[in-house]
Structures are given as C-alpha cells and as structure tokens.
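Labels run A, B, C and D following the written order; every chain starts at residue 1.
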C-alpha cells in the first residue's frame, strides 16, 4: 500500500521524458521538469504515460526514470506511473517497483484488441490480480491508442469487481455524454471515483461542466490549465473560459502535432535543454519551428505574458 | 411476412455472382448455378453475401439479381438475402424488396465500428425497426469483415429484444467455445435459434459436434458439405470425417485465396461459364491456375470422382 | 465532360443533408441551405460527403438529393459530389449521374483496407477507368474514415497516371508536413492541383500558410472561414487569425461532437428547420443542447454578431 | 557478428515457452523441448516469437529464456530470437543480448501502425541502425499481428538499404503471389535472401512450389513438416502431400485454436510437463480437451503412429 495518496482533482501533469541529443534520458532536465510541474500548481505528475514515450523504453530505463523523478519530486506532489503493456508480467513488475519507489498509484490502459464488456472487465480483474490489492489503479479510457471501448456497463462491472480501481482517465471521443452518464450513475449508487480528462485538456471547459474532477494531461502549459480549473472552481467560468481560449490555438496545434511540438514548447519555456524525441516521433523541420514561433509570438502578444513565465495558479 | 420459411439446418449455399467477361451479371450462369445448388442438396441459398460480391453492386443490380435468382429457384429451396450496409435506409429497402420477391429472410452484419454490448445490441434493434417486424433476420457474426465482436451477453440481449432474429451465422474465430456457450445458455432458457457456421465449412466437424445446426457457406463443393452433414446426422462420424478430410486441402486453399479461386472451381465444375470477379478481387495468374489444377487433379485421384460430378447427398 | 468548373480555392461547403422529423430529406430546407452556402461566400458545395450522411442513403435518394441541390444552386457556384463507396459500380453510376446533372466533379476516398503505395495508386486508376475520363476527381485523403495512408509517393503516382485527378482534399493528421512536401514537389515538376483542407478548418491558418488553396469542409460557419481566407489572401494574417480564433471554441466543439451538433448550429443559424440525423449519429440530449447554447452565447458576446447573421466575406 | 549462422531452409521451429502451473517458466521442460526440436530434424529454433508468448514477458525473463534455450541447444542447431517491440531501445538491447549469448540472428516485425512503403522501409533502416550492422535480421511479414503491409516495392527498398536483412518470414495472406513475385524479382537482380513461411505451415505445399526455402513455424509436429520438406526436396511431391494431408485436420485445428492447443499437443507428445499459458490465452475447457483427443486419436489411426513418436525426417 503506497504512502502517497492519489490526487482527487486539479491538473495532473503527464510528464514528458527529456532526452539528450544522443537519445539517453536527460537527468538534469528531468529534475528541472519536476520542479516546473510543481511550480505550475500541478496536483500530481503522471510518469511513463503515452506522451512520456513509455513504449520507447526498456524495463530498466523505465525503472530508472521512476526513481529519478520520485527523488526529484521528493513528496511535494504525488506521482502516478503508467504501466500499460501487452505483458501482464511487466505490468505487475513495474507496478510493484513504482509502489515501492513511492508512487501513489498506476495508470493502466486495457489490452489492445479486447472487445465485449465481459472481456474488457476481465482484463482489469486479471491486472488487479497480477498487481495486487494495495496499489491504486487509474483506468485509462483512450480508444485512440488501443482500440478498446469501455462502455458504461463495463465501467460499472470494473468498479464492482476491482476495488483497486480508484480513478478514471477519461479521454474517449466524443465522451461528454459518457462522462455525464457516469456521474449520473454515481447518484444511483455507482461507486464514485475521481475522473480526470485528457486530450491536452482541449475540451476542459465542457468536461468540468459535466462533472470532471480535473485533468491528467501533458499540455505544455499545465499552469494555465491549473489556473483555468481554479477560476472555474471559484465560480468565475467566464474568466476561466477567457484564459482557456487564449491558449486554445496553441493547445490545438500541440494536440495535432504531438510529442515533438510539446517538447519544443517545454524547451522554450525553460525546464528542458533539448526537445529530442525517440523514433517514430518526427524531428521538427525548420518550417515547423517557424510555424510554432508564429503561434507562440501571437500568444505572448495576446496574453502579455512571456511563455517562459509560469502563470500563477 | 414472407411465405418461404427459413432453413433450420443443412447446407445453405452462399451464392457467388456469375459475371460475363465485361463485368455484367451472367444471367444464364446464375440460373444454372441455382440449379446446381439445388442439385447439391442445399437446404437454402444465400444471395448477396460477402462472397456474392454484394458490396460491388448498385441497388438496382442487387435487386435484379434477387429477382432472377428467386425466379430460377422457383421455391425449390428458400433464399436468404444479404442486406448488410452502412446505410440503414438501404438495409430496409433491400429487405422489403427481397421479402416481396419471395425471400425467406435476410442476412445482416452489425455496422462496422460498433463496440460495447449495448451498442452492438442497439444496432439490431434499430435494424429490426427499420426492416419491420415480419422479416426474419439472420445475424452474421463475422468480425473479420466488420471488426465487431458479438459477445454472449450481446447475443442474449439481441434475442431478448429482437423477435425477428431467428438465425445466427456463426463465423467468429476461434468461436467453438462461444458456440458451446450459446447452446448451453439455451438449455437455461435462452431463446433457441438456428445456428449455421461459415468460413468455408473449414471447421465443420468440430462445429457440428458443438451443436451447430448446419453451415451457410460458399465452398465450391456444397454437395460434399451437405453429404458430410448427412453422414454426421446418421451417426457415421468417421465416414463424415473421411469425406470431409479428402476435400480439406482444396477447401483450405479456396478459403485462403478467396472468391477468385472459388469462382474458378465452380467454373470447372460446370455451372458457370466464366470466373470473372470484380475489383478488388484479383484475376488468377497462370501460376495460380496451374496450382489449382494440381490440387484438383489430386482431389480427383483421391476421391475417384471427377469434380464435375455432384456428390449425392 | 461537365460544363461547370471545379473551384480552385476558397471555402467549398460540405453540405449537410437536412431531414424531416420522420427521417426523409427535408427538401425545403435543402433549398434554403444551398442559398445559405452561396450567401456565405462559398466557392462551391460538396454534396454527399461523409458529413452529408452519404452512407446513410440509398442510390435513389442520393440521386434525388443531387438533382435537388443542383437545381437549387442553379449554377451560382459549382457542386462536387461525394461518390465514395465499396462498390466501383456504384462509384461509376453516381459519378455519371452527377456529371449529367451538372456537377463539376466528384469526391472520392480510396477503398477501405488498401495498403501499399502500389495498391493505393491502383485504386484510383481503377476508379478513373470506371468513372471515365471526362469527370474531374477530387481525391479525399482522410485516413480517419477509411484507414488508408496516401503517401507522397502514392500521390505522385496517382497524379502521373490519373489525369482526371484535379484536386486533393487533404485531411490526414498531422498532415502539415505532407502539405509542404507536396507543394515543394510541385516546384520540382509534380503536376499541380488544387489542395483544399478539411477537418472543420480547425487548422486552417497553418494550412494556408503551408500553401493550401482553401478548404472543403462543413463547419457551420462557412462564412467565417471564407472571410478568414479573404483576409489572409489580402495579407491581413493578424485579422484572419483574430477572426479565426474567436470561432475556434465552437469549431473545436463541433468537430468533436460531430454531425448532430453541426446540424443543430445550422438550424439555429436559420437555413434548416430541423437538426434530425440518421442512425448511428446520436440525438442531442438536453445537456448537450444547453452546453451548445453556452458556447454560442459566449460567441455572440465575443463577436458582437448574432449567429443568425451571415458574416460578410 | 554472431558465430552461429542463419538457417537457409528446412523447418525452423518457433518454440513455445513452457510454464509451470504457477506461471513461471518451466526450465526443465524448456530443456527437453529444445532436445525435441532437434530430434524433430529442425534446422533451427526461433525463440520469443509471437507463439513463444514473447509479449507476455519482462525484459529480464526474456533474457533468461534466451540463455537457457541456447545452453540447451548447445550449438546443435542455430537459434533466432524474436525482438519485435514498440520500443527500439528494447529491440536493440535484446538483439545485442541475444547475439552475445550465441543466437544466429533476430526476428523483427515492423512497428504497428506503419503505412506507406517509405515509412515501412524506414522502420527497418532505423532498426538496423539501432541493432547495429553485424546481427542478421529476419523480417517478419505478418499483417495479422501488426496491421502492416510490406509491399513488393517496400521489400525491394528494405533489401537495398538494410544489408543486415538476410531472411524473410513470409506469412501475409493470401501471399502466394507475393512469394512468386519476390522470387521472380530475384531473377532480375533483387538480392536473394532465404524465405521461410509461417502460419503453422498450413499452406506449405503451395509455398514450396512457389519457391519458399522452408518454414519457420510452431506447429506441434515439426518433425512432420521437416519430413514433408525432405520428401518434396527429393522430388516425391505425392509422398510429401500424402503425409502433409494426414496432419492437415490437426494442423488446421491448432491454427484456429492457437497457443493453448499447441501447448497441449506438445504436452501430450512428451517434451512438456504442462500446457500452461499466460493471459489472454484461454485455458482449455474439458470440451476442448475431448475435442482435441478425438482429432489426435483419429490422427493416430490414420497414420498408425502414436503422437508421442517422432516422425523421422
């Protein structure tokens, strides 16, 4: 049973994995990045998510990264470790390792190719059995990555049979009605767990309105998303929307272009020395770099804030 | 409500669509082909199935084919018409047309992309609503073609809410345990419907043993499959297996190579003048033709029966 | 050879198909909608696209819609007709019908499941052969819908062997580098054709900057996209971006939620009486309706323009 | 550069991974299994293939298995190690480990999701760069597992740019024409590499006839496939086909049912103590066990050989 506790809302930053020009993990930047996420007002950090290029690691390098990041965080905010893999043995081993190293819980997608409510549910039962009871699981509902549909019925069965499941990362699309349906079912007795949304927070305003507790995502401006949520929770929905909308063009661009652009923005904001990515993520062309500069210059003009400054939550 | 009644077992031949060298439907061969299927001891014919190149038609040509085939069959054995399409309007129109023309029922795959028991079930409710109550529906469970998984739970809900569903074409793989599970559920009260299997009948012996009522498939030797079932039903499982196994090398080859080889075998057996296929089915190379000759020559030597002869049921 | 000529830029509006509460095509609204698209400054209309619910039609109803829309347009702007289908016979028939009825050309996706440059290219050769030489083809590069990747090499081969291909609807994601690569290849001799982008125009600013000639998309504010392009072409990129960004929150929401929300916005803007959709598009819940109202109210406050007003190009 | 040399034909046995009831690797059975594969006349062994449940391992357990198997083989026949993974870092590390441990080469599928000849080719270039020049690579063309199509053009580019690629495991379906096309291209100068086919050897006769050098597959009767090839190479095609056909019903059944049945047959044949599989492979029901017994009893009657006996090559 981990000592750290799972976040229950706010912005959980999905951490990128900083790399050196040669491709190794950039340990110095990783430490700086953890400080950055904390300074941005994140309520937690998710390591080894899809956008952490988790599936470009070895078991050993994944473990090293967990240790390093947890040391850097030093308990300031909790960490959740992505453990999704075709191999349940690997899921179990990395979960145990992460829990021992101090993670609050793990993030787990269903196995690619599963279909039918019974089979989808069965996976999380198998996984819980392999991981062991004490480690909290956040279920990642992200069909774009794995092709698996978690229906409302499947979600109900998962909650009924997997006590370790304590969080949902909801990023199916269009998922707003599913979000409302889950919240509504909770009023009729479904076990309530924290729901965080993803997809760069690109639909955050609607998701908060539908009852999401927060977001777990890697948008390179976690401070902005954190502040949007703060304003929303204080009832200033207009202020929240105004701030959100200013960053929307950059958010949308990052969401489309993927990890390469995200890392480059983080590099420009400060905490990372390089924006190196691993295959098959593409290196940014000069054209793409200029395009990004245009967007970020425009952002600075509209906000009056340099991108290197952290927006206070 | 159609006058013809749905078959309840035996071999329902999935008809190919004979074509002239220019690509038009070969009406003369179509008539001869219907005679052939009847002579083979088929208990029914399925028109416009996947292997009838149904999705290479226009609405008009599909209707013409239904009329022509039903006239040729002249009530000797019932016909089921494939109506699967992305468009429920087309599903409904063709179903009505087929029923009026004398078909016994329709064959329907779930809409591509459906996931989750609730959604899969919902499709058949929508389809039944669009088609109307009186026309029997055979649900085609064929994930290879549409990516949809019909779970046991979904099947149960379909039977509970769609009274028109009166048959299952079971061709998921590996599907033997699902077949047993359905038969077992029927003993506990699940509505019993006819189950016919597919995939060229390549697993027929095991499927019969698991409780299949028959097969609906297009293997170019429907007479052989019909006779195998006759022997099996008479308790001569060894005789059934002996006969089945003799044709297995050709069956497996046809299953792999697809419609082009199937049509060529039917051409060589007699009822069709040409083995023309529509794009994207490939035309057989000389190499493929020779390869097929080798297999068929060997078959004739092993069985002592020319392929042009119909094996009496 | 059609008399109308294909648009070479600007905003080609992908038309929705207005329906009556019973599900039939709403002919009156369809006429009003064509007037609306013209008034919005569209340089063309695309009928029977994905978002025209083309794959929820019958051949007959598709033809009826083409005739009605072309009559309503009365030559004011050209129409392109979506003909994508698994059946080349249907592709050919509808293309011929559309051309005779006065369409400027057709819009065609590659056949689902094609893989490898040779096979992808081959499809368009086959299709051109089936359609016949005189009818201009716009290739729709939209992997999200059909899973087919059109590589730069495949595109080169298509242009080399299919003289009918005169336009590209570029909506692969992330596709900006591909767009640049094509424009760059044109400078080295690749045949130049009009490139229009899609995806609701959500990336329009970057796409114009990369050399797109315009957009072919169905965003419910075609007038805004048309004006954005006008401003951009006049060199006022800041003005273009300012206008674009104001509509971005609604654009992004519509893109996520799909045809149901698009139709509802069009209904509220005026040209359509109902926002009825066909299965499997969902009917909007009360929650979804309120959510949309929030977004549109906010839009009106930010722009100072009622959504019912057409933004002059 | 490995000391062992890659096989150039014959039957390379894709090894299963024997497990104890608790799920750990059964080291004793693994050793016995290697002896079995050697006794069966295999020209090599492939470790950690799809059917070795490679994607149910950890990096550590994969390495342990490689060491153990290579020790057991003790140089009697060469081993090829499956290294396919989403992570090139893992591909590289396991390749280096395997080469050092004495493997002759590695087996590598393209990364899931790749499309377009250029991208498919690019993967193998990246992989060769990561693995390093000296280790021979066998490209596994198996779209069923990864969705990637390796076209003839892509194959040509791979051979032109990746000198480490020295073998093709050809198991696309229907792939016979592709096999002929490659062999034909070799006559016009394409670099010739060994081609081994897969899919349980279910199409072996046709594949040999088309020019395959052998098979790399895991059918539980590798001795039979080895003998079939021996007879074929000696010109006794009828004898080869007779033997092949006798095992075809069992082969087809194993191919459909998958790893669970394969392991159970191997258990019954002798070299393995248990037929334990890892999730998501299903445990065999009593029904499935009886069904298999029927098939194997029938096989023994037809061949006059107990399944425990190894058919001499």
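Quick notes on this structure:
FYI, a residue touches a chain if its C-beta (ideal position, glycine included) is under 8 Å from a C-beta of that chain, and two chains touch if they have at least 3 such contacts.
Just so it is clear, the structure is predicted and the values come from calculations on it, not from any experiment.
A count of C-beta contacts for the chain pairs B-D and B-C puts B-D on top. Note: the chain lying farthest from subunit B is A, by mean C-alpha position. Residue numbering shows that subunit A and subunit D use the same positions for more than half of their mutual interface. The mean-CA centres of subunit B and subunit D are about 34 angstrom from one another, to the nearest whole unit.
Rounded to a whole number, the gap between the C-alpha centres of subunit B and subunit C is 38 angstrom.
The residues of subunit B never reach two or more other chains; the list is empty.
Contacts from subunit B toward subunit D in the complex involve residues 173-174, 176-177, 180, 202-203, 205-206, 209-210, 241, 245, 248-249, 252-253, 256-258, 282, 285, 287-288, 291, 294, 298. By the touch criterion stated above, subunit C contacts subunit B in their complex at residues 55-61, 86-90, 93, 111, 114, 123, 126, 278-280. Interface of subunit D with subunit C (complex): residues 115-119, 143, 148-154.
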